[in-house]
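Two complexes are shown next, each including chain A; its partner changes from chain B in the first to chain C in the second.
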Partner chain A sequence: MNNFSIALKSSNDLVVIMPKGYVNDLGAERLESTCEQFFNKGIRKVVINFSDMQYLNSIGASVFTGMVQKTLEYKGLLCFTNIKKIHLDVFNMLGITKHVKVFKEELEAINFLKGKK
Partner chain B sequence: MPLGTLPEKDFFGRKEELLFLYNKALELQKSIAENIFLSGRRGIGKTELLKQLFNHLFWAQETTAPFYYFVNNALLSVSDFSRDYLTQYLCQRLAFEKKESSLLNIEGLSIKGIYSLAEERRAGWACEILDRYINTEEPLDSLRLALGAPYHASLSTGMPAVIMIDNFQMLNNLYLPDKAVSADIVYLLEKPIKFLKTQYVITGNQAEIQEMPLSAGFVKIEVQPLSIEDASAMFSSILDKYGNRTDLIPSALINHLGGNPLYISAIAKNAGIRKRSEDKDFWKVYIDDIMAGRIHSYWITAIKKALPDMSIRREILEGLHRIYHAGEPFSRDRIPGRYFSDNKYAEKITKALYLSGLVSGEFGSFRAPQDRVLTDLIDCLYMKEILGKINRDIEAELLGSVSTSEENALSFEMTIPSVKEAELVAAQCLEQIGKNLNLDRDNIEQLQMAVIEACINAIEHSKGDRIYLKFVCGEDRLEISIESSGSEFISPETGEPFIMKGLKEDIGRGWGIKLMRNFTDSVAFERTEKGMRVVLVKNLLRASKTENKDTIG
Partner chain C sequence: MKKKQQDLKRLLFNIASLVDLGQEVTSAKGIDEKMKTALYVVTGMFSVPKAGLFVYNADRHKLELVTCKGIKDADGTSIDVQTKYIKAFQKNTPYNISEARNNSFYERNAEAFRRLQAKTLIPLFAKDEFVGAICLGKRLSRTSYLHSEKDTLKVVASQMAITLHNSSLFKKIKNQVNENKKLYQNMRHIYHDTIQAFAAAIDAKDVYTRNHSYRVARYAVAVARELRWKAKEVEGIYIAGLLHDIGKLIIDKGLLNKGETLSAAEIQEIKRHPQISYDILSKIKFPWKDVVDFVKHHHERIDGTGYPDELKDPDLSDGVKILAVADAFDAMTTKRTYRKKLSLFDALREVNKCLGTQFDNRISKVFFKVLQKEIKGEIKEAQILPHLDKDFDPTIITTLLESITAELSY
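Take a look at the complex of A and B:
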């Protein structure tokens, strides 16, 4: 089954990752590796726009903890935007939101990151 | 019908099981003998299935000899049992030779009498078995000979035999003269059940047979409740016999009876006698039966047999009522204090309740059976014996509870394949159900999250290829059950799921259960006849008060 895809928008030092569909273990691992690829290219500012993420399961959510860990290792900045309340509740439960900035809209996150070095 | 079975047209919903057992019996010709334990709840129709199998084997073929034996509670001395077993076997075996159904109905035939019958029919093999029996002095040797008779007959005649033993657990109570009851005697069957020319099909009290070590030599086949369609057809057919033709049998009542032929038959007969045809009349008949009819008598007899000590019945009734409404499993050590006041009875009571079918759970984690009729009966007894209510009040209360919970409930059922990401199909359906019920967005999404997790668990642990979902929407709550054939992720002690260590996914799985609990009002894990079931409940009154926010501010 193929219920997951990723769309990307990137500029010089910033990338916006848009997961679409169902984020389970496989989907979250693809997100994690996509994120790591940009870190390796020297892009450290990452926005994940969840507006097209329809469903999330517990394994998918737990993979995000690894992504947060990678961000800390690469001294990057990770922002979540356009996230549904239910998914935010899940990330809160897993303690993920303590390590990321959460914005309502993608533009707010981009403006926030532009001001950062 | 030689064994007093139902006419084939009135035997509903068991054609597949019957054909399976029939074909298994015919495989004996190829020396393939698979001993079978027909398991199932009280009243589910195990005895009738066995009798139907006998009749089919008796009339429809000539290569495998059938023998049906009901272990009579009154014949528990080894000598009485041996004589009865041997004479009945030889009678049925001789009857099968020339399809003489009159021989099947002979009662209390003596050894001399059966000898004469064997001689008349020139059945030398039968005379040989009887000669040996007559010349045996020790009761245990007589028992060995009687139990081995079908095998010896097979060797002599070349014809294999299917031995069907009903009420099998009573063999545990056979005793020798001058000795106490000895469960060891049943081990004498160990040798006969290993012969390749004979196949044993046993049934009886599910819990008691499961506790017999001998049952390890049997393949367990679960006799399932009747489907809604078959249950309705059975109900209509019985009504029809009483000249009560109606298309108005309430489906909620049929559903309430849980596909149990004993219950269906009792209520349909009662309704037929009273010529009831209105919806509310059927429910009234049901309540009357719970209060003082066939179902009432059936369970009262079972309760009294399980708990002969009158002095503790009242306390046990109170405890049972609490257990039936606790909505959680309990282990034996949690019974005293919580459900019964006295510790010293705990083990004895638990065992008696389990063996009588009043609680289920063979691995020490007990719970109320999935039987709404039994729950109503316990409620009825509780109101009468403990609360001292009068019949009119009990009737009104029971009628109120069944009508509000059943008639106002709307249910959806679906089956999904046990494959990765099938949980999304369930989640999508839930979305539409939620919209139909005007649930707010938050609650739909929370339930979707919980259902996704429950389905993933079921898919991961299922041994079958299907997951069964049922959504029951009442006025004030939504109940979702997810059932699969898996059974290995429930702790026998706590009834809670195991969280294994060492696997990467298990980190997420542990969270899965936390998520289910966080986003619903109750999560229950239950063992079922199919395997296991997770039941998620969301209270909708509380749900309607929550705010609706799609995204964070």
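Take a look at the complex of A and C:
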């Protein structure tokens, strides 16, 4: 994947993951493994900020499906923020948003998660 | 209206995903990566977090896991599939595992299905051949597959079936090629061993020429490599070196080992050996070009006074010229029935003296250069030096070689 990277911000019990660029091949698997690494460290609150994600296809959708599944297995909390409508439509269509909280801005998600145990 | 819009979006997503799948299965990626990516496309299309792709092993009647997603410790998972089940499968059609809990197929594989958390099995058929299966787990949407989704799954399954089929054909061909390569290598070893045995038999006839053929072959290889011959051509001259005196097997042993001066008739008899070598070897179809030519003419001379055909320079190939120098040089540096061996210094001077009459200038210059490089340690795998007596002074020999090659450059 030439056009994909991940930025991370973590504090205490919360991590913000920012996929950047094209989420359209197996390189995006790193998102799933990154998420799992935080779960294993005991950080169960995850925000995914989509503001820099430019493109999503079925392979990318599969990766996010995997992240949601991991969140369910680890009994974590997953929030999506800053999603473009076209991507939100895909997540809705696939039933992914049934298992995550969607916020407009990252800060809203962080504040929401801070209030959660 | 909203429903129609959603259906349209779903349709567009499915089309885009099918395009993704098409691109993946026809990409230049390795088959394992291709299969994994294809499985990701399917799991992304239907929001399935856990899935596995299996290939059918007809010898073991088992579906063997090729790749999976979201399942830990799945390596080695297999599903028992007997012929009666395959016959019952509908081609590339999703099969609800939970509806089949009471049948023997499910019971036999309950543990594997549990480990995979499999809910749906899609048997993959390429034309009429059962090639594998996709196991899909629970969907994130927690919904069952709609009719239209099942149709899409069928399309996806047929595409993956063809890819799996092609990959197994490719693997079979690859295995066959590897098998053939091994066979070829074994045959080559046998071939070489047989030729070496022949060479040993040739040299054993004359007590003074033990290992002569082997050394000539090595010297010839050194020159051919320096001339940047291709590996197969180098191998060819090596074989020619080993067999160049095969005709001596026919010559009377007493004559070959006779210490006294030979009569004219006896010399003529010995001179028959290149022609006899040719007669023997021309019956063999060698995989290397010109072996027979090299052998027949290794006693020809540049000035046309050699034997058996008295060929002159333009008619002599480089291979013949190489073998001529290598053969004569080894004869000079080893003891013969008719004379003592020459020192390296004298042998080199003798070769130099015969340049332009017996030996070719260009080829001999290369021979001198290789020897020079070997003495200086510039060649990793020395071919000439290990067979020479170590009693020479490297400085003197190097100086001699430098002066000869310098003279030849003018």
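Everything that follows uses one rule, which is that the second predicted complex is superposed on the first by the 113 of 117 C-alpha atoms of A that agree within 3 Å, B and C clash if a C-alpha of one lies under 4 Å from a C-alpha of the other, contacts with A are read in each partner's own complex, and residues count from 1 in each chain.
Just so we're on the same page, a contact is a pair of C-beta atoms (placed from the backbone, for glycine too) under 8 Å apart; a residue touches a chain by one contact, two chains touch by 3 or more.
Model, not experiment: these values are computed from the prediction.
Asks: For the overlay on chain A, clash or fit between chain B and chain C?
Replies: clash
Asks: Contact-wise, after the overlay, does A:Ile83 reach chain B, chain C, both or neither (first, second, both, neither)?
Replies: In the superposition, A:Ile83 contacts chain B only.
Asks: After the superposition on A, what does A:Asp25 contact: first (chain B), second (chain C), both or neither?
Replies: both
Asks: What is the contact status of A:Asn3 with respect to chain B (first) and chain C (second): first, second, both, or neither?
Replies: first
Asks: Of the partners chain B and chain C, which touch A:Met93 in the superposed model: first, second, both, neither?
Replies: both
Asks: Touching A:Lys104 in the superposition: chain B (first), chain C (second), both, neither?
Replies: first
Asks: Examine A:Ser62 and indicate which partner it touches, taking first as chain B and second as chain C; both and neither are also allowed.
Replies: Both partners, chain B and chain C.
Asks: After superposing on chain A, which of these stretches of chain B ends up overlapping chain C: 311-319, 347-355, 455-463 or 527-535?
Replies: 455-463
Asks: Can you list the residues of chain A that meet both chain B and chain C?
Replies: Common to the two interfaces on chain A: residues 24-25, 57-63, 89-90, 93-94.
Asks: If we count contacts the way the header does, which residues on chain B are in touch with chain A in the complex?
Replies: 419-421, 423-424, 427, 442, 445-446, 448-449, 452-453, 456, 505, 507-509, 511-512, 514-515, 518-519, 549-553
Asks: Write out the stretch or stretches of chain A touching chain B in their complex.
Replies: 1, 3, 22, 24-25, 55-63, 82-86, 88-90, 93-94, 102, 104
Asks: For chain A, which residues count as touching chain C in their complex?
Replies: Those residues of chain A that touch chain C are 24-26, 57-63, 65-66, 68-69, 89-90, 93-96, 98-99.
Asks: Going by the contact rule at the top, pick out the chain C residues touching chain A in the complex.
Replies: 6, 9-10, 13, 16-17, 20-21, 33, 36-37, 40-50, 69-70, 139-143
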